Amino acid sequence: MNTAIDPHAARAARQRVHDSFARQTVMAAFGAKLARVEPGLVDIALPFRADLCQHNGYLHAGISTAIADSAGGYAAFSLFEAGEDVLTSEFKMNFLAPADGEHFVATGRVVKSGRRLTVCQVEVQAYRGAQSALCLVGLMTAVRVAPANPGKA
Amino acid sequence: MNTAIDPHAARAARQRVHDSFARQTVMAAFGAKLARVEPGLVDIALPFRADLCQHNGYLHAGISTAIADSAGGYAAFSLFEAGEDVLTSEFKMNFLAPADGEHFVATGRVVKSGRRLTVCQVEVQAYRGAQSALCLVGLMTAVRVAPANPGKA
Amino acid sequence: MNTAIDPHAARAARQRVHDSFARQTVMAAFGAKLARVEPGLVDIALPFRADLCQHNGYLHAGISTAIADSAGGYAAFSLFEAGEDVLTSEFKMNFLAPADGEHFVATGRVVKSGRRLTVCQVEVQAYRGAQSALCLVGLMTAVRVAPANPGKA
Amino acid sequence: MNTAIDPHAARAARQRVHDSFARQTVMAAFGAKLARVEPGLVDIALPFRADLCQHNGYLHAGISTAIADSAGGYAAFSLFEAGEDVLTSEFKMNFLAPADGEHFVATGRVVKSGRRLTVCQVEVQAYRGAQSALCLVGLMTAVRVAPANPGKA
């Protein structure tokens, strides 16, 4: 993302990310928050929740995936024009370690922003005290939805 | 999964699936339930929840993924021996349509059950009245964890 | 793919698949052939070649992937209109067993044919005498390229 | 991969990578060569070949995948002990641009080296004159095969 970015446009894009994120009811339900929004780069932070776990008491893979997916989707969306929307086409996640931590940070980074498809790398770090561990790495494809064609991929 | 299965062993395996599922706090938090447990095949049902949505009011991709992942993991687990545990190594999900429905059913089916790795196909159907739509297809790899080596992949 | 298909259109589509396949120089180099072309379903057959192997003498994962990718891509393409082209956006392959056989058949099946994106399931069977083994299952996304916008995704 | 590595052991591991690569007949058939072998990091270089193309004259996705898979597999293998072998369990590739170049370099990097499973990031760069373009990014899982259990995953 080495193109020069107009500060005003970047600020407007950041606002659109915050506005859209605020409509993702699941993020509020989980207690997840936007921690960083830059052009093509988004972090989402999630405190551990004992009610979002799998059978061994680690965060469920679907939960770390949910924040990774939103981080990647909003990283893509942060480079879109006003009026455009974003949908997830597909993703692939590798779980490197149990999601064992006090809080988690998902990061989405745009690797390639195309006219229709944006490819992002995503990851989730688990933090416990001063320690962190990479527990998920993934790739996702987000679709840019033009104003006139909502919901079409 | 065409090997002959001892009915007693199958019943014990089904019970182990139910016991482990009951420890996945996230499934209770979502209101998800085991709808079918057969050797190598598991369905999980989830009623729509307005608090688990993405920015357009559809079920968030991480939520449909969570029930697909648990369905696949328990399909694998249903073929394991007593004392063994299951972890997700990786998965890949393609979203075919927005997860727009009154309730959802995730299905996991074992394609290949190996000594260490089990590969499953997963899908999620969205139901609205008498209509259903396939909204997710995926593949996952589950790891069999021996009693003496918990948490090691 | 349960829409009624005009026989004339299906024949023309099949011819387009054959014409495009004939331009894939790699398929001729491998000795791979189209074995079946139906609307939304394509088989590609490949005899074993000792010069296309990995370090243990099995067919290299990239080769079974190549025929799976072409099978999926042409399954998608078989449902496109004249003048449209196909590109692979992404795929995911799980290797269930070593690709150990005298010949191999890759199958691509369309799961969802969208305006821009088509999702296909792919698999590869390895045959030895009367035996066969499923050695690869995968998912892929193909992009429909309109005549006026070649090469754009 | 920040553990201290004994130079003698690293040299022996590098030799094992070269020996195993030399047995991959497909790499010789393609004209692919090992360009870099470091602990947990392998590059494979491939000159363009007109007989390894898809229908538009770009390198076929299966070919860029083949060198990416071998790069990732040998990156994993470079950290294994003598006598251990490597198999590909699964991979996922995103194609960012047509593989249009005079030569290509696939890079595999270990992200997590586990007792049984190693996860690698892979990519392929296409070079034309002084220009390069990232045409593939992917993730793969390699399996460590112990001497006594060849071919088992």
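Letters A, B, C and D mark the chains as written, and numbering starts fresh at 1 in each.
Assume contacts are C-beta pairs under 8 Å (C-beta built on N, C-alpha and C of every residue); 3 or more make two chains touch, one makes a residue touch a chain.
Predicted model only: the values in this text are computed from it and were never measured.
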item: Farthest-lying chain, centroid of Cα atoms versus that of chain B; value: D
item: A-B against B-C, pair bridged by the larger set of C-beta contacts; value: A-B
item: Chain A and chain B: spacing of chain centres that average the CA atoms, whole Å; value: 23
item: Whole-Å separation of chain centres (CA-atom averages), chain B against chain D; value: 32
item: Rounded Å distance between chain B and chain C, as computed from the means of their C-alpha atoms; value: 29
item: Junction residues of chain A, two or more chains touched; value: 89-90, 92, 94, 119, 139, 141
item: In the complex, chain A residues that touch chain C; value: 89-90, 92, 114-117, 119, 139, 141, 143, 152-153
item: Residues of chain B that touch chain C when the two form their complex; value: 92, 94, 96-97, 111-112, 119, 121, 134, 137-139, 141
item: Sites on chain C touched by chain D in the complex; value: 20-21, 23-26, 28-29, 50-56, 60-63, 65-70, 85, 87-95, 98, 151
